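Naming follows writing order (A, B, C and D), and every chain is counted from residue 1.
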Amino acid sequence: MKTKLHRLATVAVTAGLAVGLTWGAPVEAGKADDTLNWSTNREIAVVDPYYNNTRELVIMGHMGWDGLVLRDLDSGEIKPLLATSWAWAGDTAIELELRDDVVFHDGSAFDADDVVYTLNHVSNKDNGVLTFRNVSWIKNAEKLASHKVRINLHKPFPPAFAYLSNAVFILPSGHYDNAPILAEGKPDYGAVKPVGTGPYKVTDVKAGEYVLMEKNENYFSGSTKGKPQIGKMRFRTLTEMNTQIAELMTGGLDWIWDVPKDQAERMESAPTVTIENAKTFRVSYMAFDVDGDSGTDVFTNKKVRQAVSHAINRESIAKNLVGPASEVIHSACHPDQFGCDQNVTKYDYDPAKAKSLLAEAGYPDGFEFDIYAYRQREFTEAVIGDLAKVGVKANLHFMQYRALRDIVRRGETPINHMTWGSYSIPDVSAIVSHFFTHGPEDPAKDPKTKELLDVADNSVEPDTRKLYYTQAFERIASEAYWLPMFTYAKYYAFSKDLNFKATSDEIPRFYTATWN
Amino acid sequence: MTDVTKSSGASQGGSILSSGLDDILEPSPGSLMRKRIFGHTGLVIGGGVLLIILLMAILAPVISPGDPYDQDLSRKLIPPVWHESAKVTWDHPLGTDLLGRDYMTRIFYGARISLLIGFAAMMISGLIGTTLGVLAGYFGGKVDMVVNFIITTRLSLPVVLVALAVVSLIGSSLTVVIWVLGLLIWDRFAVVMRSATQQVRGLDFVAAAQSLGCSTRHIILSEIMPNVANHLIVIATIEMAHAILLEAALSFLGLGVQPPDPSWGLMIAEAKGMLFFDAWLITIPGVALFALVLSINLLGDGMRDVTAPENRN
Amino acid sequence: MIHFALKRLGVAVLVALTVSILSFSMVYLSGDPALALAGEGASEQDIENVRRVYGFERPIVVQYGDWLVRALQGNLGHSNYLKADVASVVFERLPTTMLLGACALAFALILSIPLGVVAAIRPNSMIDRFALTVAMIGQAMPSFWFALTLMLWFGLNWRLLPISGTASWQHFVMPSIALGYYVTPAVMRLTRAGMLEVLSSDYIRTARAKGLRPMTVLFKHALRNAIIPVVSLSAVQFGFMLGGSIVIETIFAINGLGFLVWESILRADVPMMQAIVLVLSIIYILLTFLADLLNGFLDPRIRVS
Amino acid sequence: MTERILEVENLTIDIPVPSGILHAVQDISIHVDRGETLCIVGESGCGKSLTSLAIMDLLPKKAIRQAARLELADESIFGISERRMSDIRGNRMSMIFQEPMTSLNPAYTIGDQLTEALRRHRKVSRGEAKDRAVFLLEKVGITAAASRLGQYPHQLSGGLRQRVMIAMALMCGPDLIIADEPTTALDVTIQAQILHLLAELQREFNMGLILITHDLGVVARIADRIAVMYAGQIVETGSAAQIFTEPLHPYTRGLLDCIPIPGKTQRGAHLGAIPGIVPSLVGQMPGCHFASRCPLVDDHCLAGAVPLFDHRDTNRSIRCLRADNEDTQKISQEGVA
């Protein structure tokens, strides 16, 4: 008996040692080994810009792949990338000339076949692309010559180039043909090894843990993106912000974002870290239950909606909680988007006026209701605090996005306090047309607003669009269907070793980063 | 004293010791109990701290310097008075939180919510567990088999995981958290009550009551329950502490009590981001929660020692 | 013994089935998995698309039956989010969590058994009080607070240990301590109680009367018997730790099952949640079964009858 | 001249309790010669088991042991280190306990538990120890001894276990065996066998034997000498013949009245009982310990501690002020109750 136990113990200890030894030493990170370690809180399992609809894949999309065109962030101009020149062929067709000196990571040359294959695959609904809304405007693509293609549209789609530059990446022809087949007989497109033309190539993926990319030494010269500088990029998933901060401070990470304002401000004094606050396309808004679907009819009264709008100190929230790059907005759009006119009816912070409006509406002593939110609880808490000061009691229901969106779609929220990132599309159609054209998330289902938006959405004439969008925004603001709150500003924190410039569209361009 | 009798075990010395002591130590049950209670350091400390927290909760509206929901973003993150900072003010002895709410007030009100969660979840689980356990222990046989099966099934479900999943699916609120915790942590009640009832059931007075033709209901309520009550109290304290800690864990993952209600778990969760920068923000509710759970555990341990010294350890 | 084992096995299978039904129906409490899968901001047509492609429109009972039959064949389904076979993902992550659990348990046992033994040898001494304090603190401290505090001091301030990940054995030190510490009190109390009981037993007196050396008495005769209930408790606690490692794995970015389940809950990865609840429950059931067998091995009264 | 195996002089055991000091054993002197059987008799709680544990140095930690002399074969075993004491225990003197059901470790085989003492005290091989164990198991009347070695205690009956305990005590060939109520927990039929066995083995191996019991029937059969204990003190000691034919102390007489003696007690006759309860031993107790239950008590008995008087018969002592006077004799004839 004794010897048996003894033997067991020996085996256990030996096994333990073996595990310890084979595990190896921790990896060194940062400038020393030319690896940019960046992290977000999201798990990445599928490295494919079409079968993964996270922002991380938009970021990686720009690293591993190239679009046909690239939008210049400073001027807003569309610049060549895989396409050298392009022209509208009528309202529903675009013709593009392609580069002939580009090769994919696997060595195959890039030509019109690749573009045609990619666009026809992703725009086919049956292929189950998760980012379908980014490509649903494409009808199909045709090869005109070895390096010339034509893209046919279902209907006129003015922001087409915005989408082409941000969300349509080109894959090699036949890319998905050998996708593994799942048990239920469907092809698993997301499992295909990623191949693109981009400045970085994907070299190693551990689902949910890390994605390793290496500099593409053969990246075509003359790319608008420039030549990649840093040798390797390692993405890691770290869900806890504290963990991210600790790793950044100790050199385990070089770059993080979404740092809350208070932490970011405290980190500014750290000698090894640079803090930057940059604009994003995300806006915060509150949608009122205008048609009374939720069971409470207080918000069917315009005066109540206006009272609430006056009661909330948006300026204070933006300044004290979000960050210096955040600004208060009055229209249902981001100021940087095409067609966004902030010159509409404004609701200044005025608790006294809010109280008198409430009294006029028949609620001199306030009322109680349920408010729903999913992101940055403290922002919603601040809203609740402001409302309490005018006698309105809001009970918070803080939930997961998916659960909340379900409820919102069923119209069950008296007020939902949510956010919208417009997929970084610099065009107001990505926000206002999504919410006010009688879709399930339309709080008012106002025919007049829809009418105005329909005209704007279907015109390719910029001035016409601007005109009608502005009218729609004014309608939304004066009726107080929505309370647009503020734009989000993102805190970036990165190593002082890293030369990085935050962009306003929430897509960090790591391929332009260098070491100091 | 228990040690002497214990270590001499079943020998003759043991019985002479205990018989000798019984003469001296049992003048009256009341004074004996008082002596045991106040002679037990853990019990006194635990009871004392718990009493302070209870008073804090009850008197929160009276003793609080402010309103727990009153925010002012311009005065946010004022450190507590013992910190050296220009912002420190005696208007906010424990400082203010991320939204500029008075921290001391929130601690006082938070005591209410943390206690409420612990108590309510414990009551629910106690009711379920005790019912199952006593029924299984009393009736045995098929009833026991079924209850055992339910207990085994429950034990094989990972608590934190299921609580998280359910709360995330239903949406979290105070009520949901209480019910989910209550419905999940009854297993210890059931297990202990089952074996306690089995023991009591075999005793003479139960048999006597049965032979007198007393109803089952009467026997369970009047004969069994009073005799398993001391176990019940101990488990109740353990589970109350357990529920409070679980709520804190749920809050940490963002699925606990909903703000602006200030449960201590939620306060820790809200402050967790500032751990590396303003540690006091997490330390204050952390210490409060720690003291609460510790005092409940001390109280429970003490009660066990005092009410049933033979079951010590 | 064999009869007993078979009976227990039958119960275990029934429990596993019940658990599978519970987890399956629980997952569908939340409405529409297609909505979640389509992701933040997906359009109506995206959602419809996903629903159609993944067969969410079938009745729940059909989906459950289908799932169960395939689960019995070892196919736990396909994760729509991770684009991978659920079974392979779960069994890829499981070893990490098992390793973490084993390290945590090892830490807990190494801390608690000696403390429990010493506390039992010298009841009411300083060391007994110290052990009691350790137990009390362990029971009262929220594990995430403890974990973050460890990270603050050992990781950030003193830089003794790596903060997150699983790249080396050092990475497992803090998470194991944070996870294991919570188990320490229970094991310590049980060891102390067991040792106190055993040390006052007649056969220990017999052993001493034989003139055996104190160490022989303590370790051969006393600990051997006191440790039997600790074995069962350890198995049970190990099962609890696997399920309870969510918080610790999230904080230390350990890519194990706990982390996977938390992410799966957040993104309503239905097949993954079902599989993990099922796998964790079955592991628990197996562990308790194993503990019974181990008990038999350690306690001849069970083994030889 | 016979060889003196054990000499105990003025053994006292005090145990601190919350309410004071418990004087569990007071001023006890006993001795055992080789080949002699000493029976210590008394009712539960009189301190006889503590006395035996004190000789083995196995008292609970809190107990305070004092003695003027404690010698094993002319060598002092009082105040020696635990290490030296453990060399003696199980080797030169061993002990048999009253609970055979719980006195064996359930986790180890009989063979393991039998041989470990021998291997601890003697340089013998595993095989030699095993042979000795088989030899002794056969000696104590266990059949198929060799196959028993691999069995666990729970597989044996109570009687068998006590035989194993006896074999275990004999493993190192001790000079002295202390048997603490070895038969109390056993069936009546087996009790006799075990006692018979003990007596036989004692003769065969020529050891000293201390038999602790409350059963005077047992004593009558095997004792050479008897010490009667009451409330922590020896109240009477003498040869078996002396005690049984002429009990002097009122307590001894009371005890003898309580048992049916074959041939002496008639069928259907009334058996005696001693009224009253044993006094608490916490704190100082002036006077005779038996005073509260004694029919002969007078003021002198309560005045001060009663010493142990040497009786006019050799090797006989008694702790009573009134045992020798007329009343005593009278009571003796009439019986206590």
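Simple rule for what comes next: a residue touches a chain if its C-beta (ideal position, glycine included) is under 8 Å from a C-beta of that chain, and two chains touch if they have at least 3 such contacts.
In this text, all values refer to a predicted model and were calculated from it rather than measured experimentally.
Q: So which chain is the furthest away from chain B, centre to centre on CA atoms?
A: Of all chains, D has its centre farthest from that of chain B.
Q: Of the chains shown, whose Cα centre falls closest to the middle of all protein Cα atoms?
A: When every chain is reduced to its C-alpha mean, the one closest to the whole-protein mean is C.
Q: How many angstrom lie between the centres of chain B and chain C, each centre taken as the mean Cα position?
A: 23
Q: Roughly how many whole angstrom separate the Cα centroids of chain C and chain D?
A: Centres of chain C and chain D (C-alpha means) sit 53 Å apart.
Q: Counting in whole Å, what is the centre-to-centre distance of chain A and chain C, each centre being its mean C-alpha position?
A: That pair's centroid distance is 37 Å.
Q: Hunt down the residues of chain A that sit against at least two other chains at once, touch-wise.
A: 242, 246, 249, 400, 403
Q: Mark out which residues of chain B touch at least two other chains, giving numbers and ranges.
A: Residues 3, 7, 10, 168-169, 272, 275-276 of chain B touch two or more partner chains.
Q: Two-or-more-chain contact residues of chain D, please, as numbers and ranges.
A: In chain D, residues 99, 102, 108 touch at least two other chains, as defined above.
Q: Chain A touches which residues of chain C in the complex?
A: For this pair, the touching residues of chain C are 30-32, 35-36, 38-46, 49-50, 53, 55, 70, 75, 78-79, 81-85, 89, 99, 148, 151-152, 155-156, 159, 162-165, 167-171, 250-253, 255, 259-260, 262-263, 266-268.
Q: So in the complex, the part of chain B that touches chain A is made up of which residues?
A: Those in contact with chain A are residues 69-71, 73-74, 76-77, 98-99, 101, 168-169, 171-173, 254, 258-260, 270, 272-278.
Q: Sort out for me which residues of chain D touch chain C in the complex.
A: For this pair, the touching residues of chain D are 56, 58, 82, 86-91, 94-95, 97, 99, 102-109, 116-117, 120-121, 152, 154-155, 165, 168.
Q: Please name which positions on chain A make contact with chain C in the complex.
A: So the residues of chain A in touch with chain C come to 19-20, 23-27, 43, 45-46, 51, 53-54, 125, 128, 130, 132-133, 136, 182-184, 186, 188, 190-191, 206-209, 236-240, 242-243, 246-247, 249-250, 252, 400-403, 405-406, 409, 420-421, 423, 434, 439-440.
Q: Per the contact definition, I'd like the list of chain B residues that touch chain C in the complex.
A: Touching chain C from chain B are residues 3, 6-7, 9-10, 149, 152-153, 155-162, 164-166, 168-170, 241, 245, 248-249, 252-253, 265, 268, 272, 275-276, 279, 282, 286, 289-290, 293-294, 297-298, 313.
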